[in-house]
Amino acid sequence: MAVRVSVIGASGYGGAEAVRLLATHPEVRLAHVTAEAQKGRPIADLYPNLRGFVDLVTEPLDATAIGGDSDLVIVSLPSGKAMEIVPELLERGARVIDVAADFRLRDPSLYPAWYSFTHTAPRYLAEAVYGLPELHRAAIRPARLVANPGCYPAAALLALTPLVRAGVVRRTGIVIDAKSGVSGAGRGGAAGGHGFSEANEDVRAYAIPGHAHTAEIEQELSGQAGGAGAAGDVRVTFAPHLVPMTRGILVTAYAPLARRLTTPEALGLYREAYAAEPFVRVLPDGALPQTKATLGSNYCDVAVRVDARAEMAIAIAAIDNLGKGAAGQAVQNLNLMLGLPEAAGLRVPALYP
Amino acid sequence: MAVRVSVIGASGYGGAEAVRLLATHPEVRLAHVTAEAQKGRPIADLYPNLRGFVDLVTEPLDATAIGGDSDLVIVSLPSGKAMEIVPELLERGARVIDVAADFRLRDPSLYPAWYSFTHTAPRYLAEAVYGLPELHRAAIRPARLVANPGCYPAAALLALTPLVRAGVVRRTGIVIDAKSGVSGAGRGGAAGGHGFSEANEDVRAYAIPGHAHTAEIEQELSGQAGGAGAAGDVRVTFAPHLVPMTRGILVTAYAPLARRLTTPEALGLYREAYAAEPFVRVLPDGALPQTKATLGSNYCDVAVRVDARAEMAIAIAAIDNLGKGAAGQAVQNLNLMLGLPEAAGLRVPALYP
Amino acid sequence: MAVRVSVIGASGYGGAEAVRLLATHPEVRLAHVTAEAQKGRPIADLYPNLRGFVDLVTEPLDATAIGGDSDLVIVSLPSGKAMEIVPELLERGARVIDVAADFRLRDPSLYPAWYSFTHTAPRYLAEAVYGLPELHRAAIRPARLVANPGCYPAAALLALTPLVRAGVVRRTGIVIDAKSGVSGAGRGGAAGGHGFSEANEDVRAYAIPGHAHTAEIEQELSGQAGGAGAAGDVRVTFAPHLVPMTRGILVTAYAPLARRLTTPEALGLYREAYAAEPFVRVLPDGALPQTKATLGSNYCDVAVRVDARAEMAIAIAAIDNLGKGAAGQAVQNLNLMLGLPEAAGLRVPALYP
Amino acid sequence: MAVRVSVIGASGYGGAEAVRLLATHPEVRLAHVTAEAQKGRPIADLYPNLRGFVDLVTEPLDATAIGGDSDLVIVSLPSGKAMEIVPELLERGARVIDVAADFRLRDPSLYPAWYSFTHTAPRYLAEAVYGLPELHRAAIRPARLVANPGCYPAAALLALTPLVRAGVVRRTGIVIDAKSGVSGAGRGGAAGGHGFSEANEDVRAYAIPGHAHTAEIEQELSGQAGGAGAAGDVRVTFAPHLVPMTRGILVTAYAPLARRLTTPEALGLYREAYAAEPFVRVLPDGALPQTKATLGSNYCDVAVRVDARAEMAIAIAAIDNLGKGAAGQAVQNLNLMLGLPEAAGLRVPALYP
């Protein structure tokens, strides 16, 4: 019997991508989709790709009703909104995957500093599992509440984890330069310089320094940094950029070497770390990641190079920000939580070209 | 037991898209992929989206061997090349879908005029079935040789057929203005002004008048024009344009009215014509087709409007040129020919955004 | 001594492009720039390309003060707003170029039908000169009030005028298929589906049939249609499309032949019509217009072909919608009105690539 | 009397942009343009934006004739070709600006290592002046031979020089992450993955580590590093990326602090360094560079931020790779060499949007 899944915030790009993936998921039945600002409309009017696939009409957000009528709820609201409804969803018996940042940081004091809000449901932070299966698969399976990673952190962590875990790079001086497609700004982000005319034929940096995803990256990398690893142990400079494409994130991470390392040795660390991963592809020698090879998919392509002259490791990861960076990742977590095959509904190659 | 399918010309965009679709097709096993210019390379090196999906290495084109070892062969070569190998493939027992133009025109004398070559296998033209299921489904099922429609004709015919069939528009004076993404020019088309720097931030017309697809459109529309319909009966002006996107064709067709007609009446003709079609969506009133709603899919979205002031019907169709315009269409034909569910491997919503 | 010119509505794309052109115009001094929604900000904060060129701060719209302190005012407001202030500007002694539609249609009854508003200053419609120099140069020079053409009409009229004027095409059944970059929707147009993520990798039709520019095109073509030409005499079907680029309009116009015509004969009509025009380039045989060849410039490239099989003339024109389609055109009109060299400040080749 | 200037390699993007700028330069007369592969064609056929501006026909490359008939020659050939003709051009009395890499590196032994060729005219390396006016203005004025900077180095050096010169950052561990539009790959670069279909909706890294521009950046930064500064003194990791736009480079450079530094202090260094520069704009507090603000212009926009948590300075620079990164820069150098106003022909604001 199909699992009943609801998507809260289905009019945003992340939520709509989750609906798209669930619409053809073999084990899932979509129960409810909500869209506060556009309720009462067929979701296929908002997302015309869904015509012929999903007949649901967007509902208002009633956490009590939806929580009681769903096995699992994917919450895709702006950061700061999920914490207001997740307790009720859990209370009603639903398991929850939050696609925003509300349950990613374990230390509640980080929210005022990085997100400018005070957490209203801090007791759930200890319970929440950071939903990157490559780091926390075992904990995700039984979790009631999974915090889906941010789009930038998903790519940055998959790029850097093998180096940090192996202790071959320093814990400070790490630079993460990220290039994102414009859909990362959300459907509402169309104003404010993200209109086509100004985002097209343009590259710009933004939120430098101090983007909120820095905290999440440091928390998780510190956790991977081994015995001595504590929160704040790893320090990174994170710089996001907007590039004129719709989907995709390319992260280029630069980590000063802690000891001598060759490119083949580095590559060996990645092959080992990701040998059994269904959605991480370590590229063969000679190839570098490109976002197009992941477009519309849940895959992450990674490569690593050592710049011996400069004693620097360079790790590169490409994802679809709405795939492995959001909705694809959420479905992978859903599969783990529900005991389904991890790749159910996700074994689709990217579009290329 | 899975059907053995081979793709000849797998290094081009159309062939590679066929490989992508067949890689996850539930009833197909990929047997051989060929790429004359790049033989001996893993197909996943040429198309990095296929990493983890297809292990095949590109082979040289040996029609005898491939024909003998395949149930069905998709031939995706430049026009004029398929006719050299299709007879041998058929001889060896394989059924064939030709994605190029070699078997689309029933009258061999049209090839020198429109394609600048003399047909070397004219006796197969009578046997070949024009592979647009919405027009020729019954004939496609048992066919040995199916001629997949051109990308522009696929969209143009789905746009105009209900009007022409109903006899509500004139048979002359029809204008077909088509806007295509750049992948229609093929992977080899990157030179000659199709490099990114010049195709980006540019729209241009080309091949006006006289694009070869004109012949194919007129042949099929004439066939739909009813009792009196003969080849050449319908005359169209066809004008293709290049727009700065990778995939997608939007056709806007203008047909002078033969009698009074309202938009709702016109819409009724479309709803009736396509009521049972799995891959044609007649848009609800108020919506107009956009290529993005078909991106990466086999869907065709259509709409129709009547400009009463000017006594003109305007029909619009959107497709992915590599989907319904090439490889998706080929897989739909393959399903019909093999007696599989028509939508097998193709029930995937477009990417949006 | 420099002429004092003000730009009302300088925060929009059209107004800002006028400021850009006037910033380096040899005979002009920018007096005032207004931006109701963002007043009190350096214009260079809104348009960073102007840093180092324009120090002006946006002012509120005070028609009395600006009219009294300017020799000429370029009004670049949404349609329906200019008619509220243009009388006062003229009253104060300024000459006016209106970039919107408020003074383009000579018949006031057309405004409710095409623009959904009733004209509040109809007595100025008779005085206003339609500002397409290729059609009305002599009348523009002494005019107090010039109505700058719409972006689509500018291209459509330059494409069709030689054919219509010569009487070689019919006056009905003309189809104008236009493809526009997204900046045509304005800076405010970033919402509503014109955000990057949805406009990118997409082509769509809109406002079919019934776009307001239809009226303007028919008025002017009727005027060119010769002795018998009266308003409404020429009937066109006009269909605009949005393509994923920032600037540029390509118009492909299809006109049924009224008598036998060859491509060389048609070309002769264009060469003759535009022989002395500083900003219209009739392309040599073999070349077709592309918007990129006009990007950032005031040029219009045109070509014509005859489709003898279908007895159809095809005329194509490319412009930059913010250049010849708006601000460049306005500066050309300004030069004429002020007795300056017609190309002053406008002799700049397009960017290519 | 106008100065006679020739452009060798005018069919490439850099050469063609030089022709575009010189076509309206008030003090220059274009003498010869060459294009080996497409000689004998009007340059306006190759670059349709030049129609109505340049009547010249491309000639074969005859260094003796061109050198003797030109006051100054801009050489825009692939690296390794200029060294074969520059001696003859100088011999014939012409002054030369080489847009390629042949005379940028002072140490001839670096050419085999970074460019895979042995220099055939090493004695000119000592004479050549590195043509970045912000670093070497005084030496450029009288120079016979100027080596125009590479596109990436131009942006990287303008981003980093104030920090390196002031000694506030370390000389090792510097990371330069660069994002370039596709025109940087040249017109010939349209093949090999730079076709529109694959470069569009894609971001990728390439040539990591080891891009040849690394050597040039290190040479010049070492020169700025003060008393102790010697070649090789400064070590950088340079990583170029391709983004889906035609023009533009954004460099984000990360330099570990050598001592405590605040953002305002850093900004002060930039304001001081570039106070008198006509083409470098230090952005006001709160603004970050975007390539669009430089599109089609010779401007470079820079900003600097200090990430105090990570003890890292972040400097960002935006240019048009064909402007300040190639042809615009060349014209600025030409103006200096010829004693013209430095901004002659270059005082044009960028296109925006």
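Think of it as A, B, C and D in the order they're written, each chain with its own count starting at 1.
In this section, contacts are C-beta pairs under 8 Å (C-beta built on N, C-alpha and C of every residue); 3 or more make two chains touch, one makes a residue touch a chain.
Predicted, not measured: the structure shown is a model, and the values here were computed from it.
For chain pairs B-D and B-C, the one joined by more C-beta pairs in contact is B-C. Of all the chains, the one whose CA centre sits at the greatest distance from that of chain A is C.
Averaging C-alpha coordinates per chain places the centre of chain A 37 Å away from that of chain B.
Averaging C-alpha coordinates per chain places the centre of chain B 46 Å away from that of chain D.
Computed centre separation for the pair chain B/chain C is 38 angstrom, with centres defined by C-alpha atoms. Shared interface positions of chain B, defined as residues touching 2 or more other chains, are 13, 181, 183, 197-198, 200-201, 244-247, 290, 292, 295, 352-353. Residues 13, 16, 20, 23-24, 45, 47-53, 183, 187, 200-201, 246-247, 281, 283-284, 287, 290, 292-297, 299, 301, 347-353 of chain D are the ones that touch chain C when the two sit in their complex.
The residues of chain D lying in touch with chain B in their complex are 13, 181-183, 185, 187, 189-192, 194-201, 244-247. On the chain D side of its complex with chain A, the touching residues are 172-173, 175, 177, 179, 181, 197-198, 200-206, 208-210, 235-237, 239, 241, 243-248, 250, 252, 254, 256, 288-292, 295, 305-307, 309-312, 314, 316, 318, 352-353.
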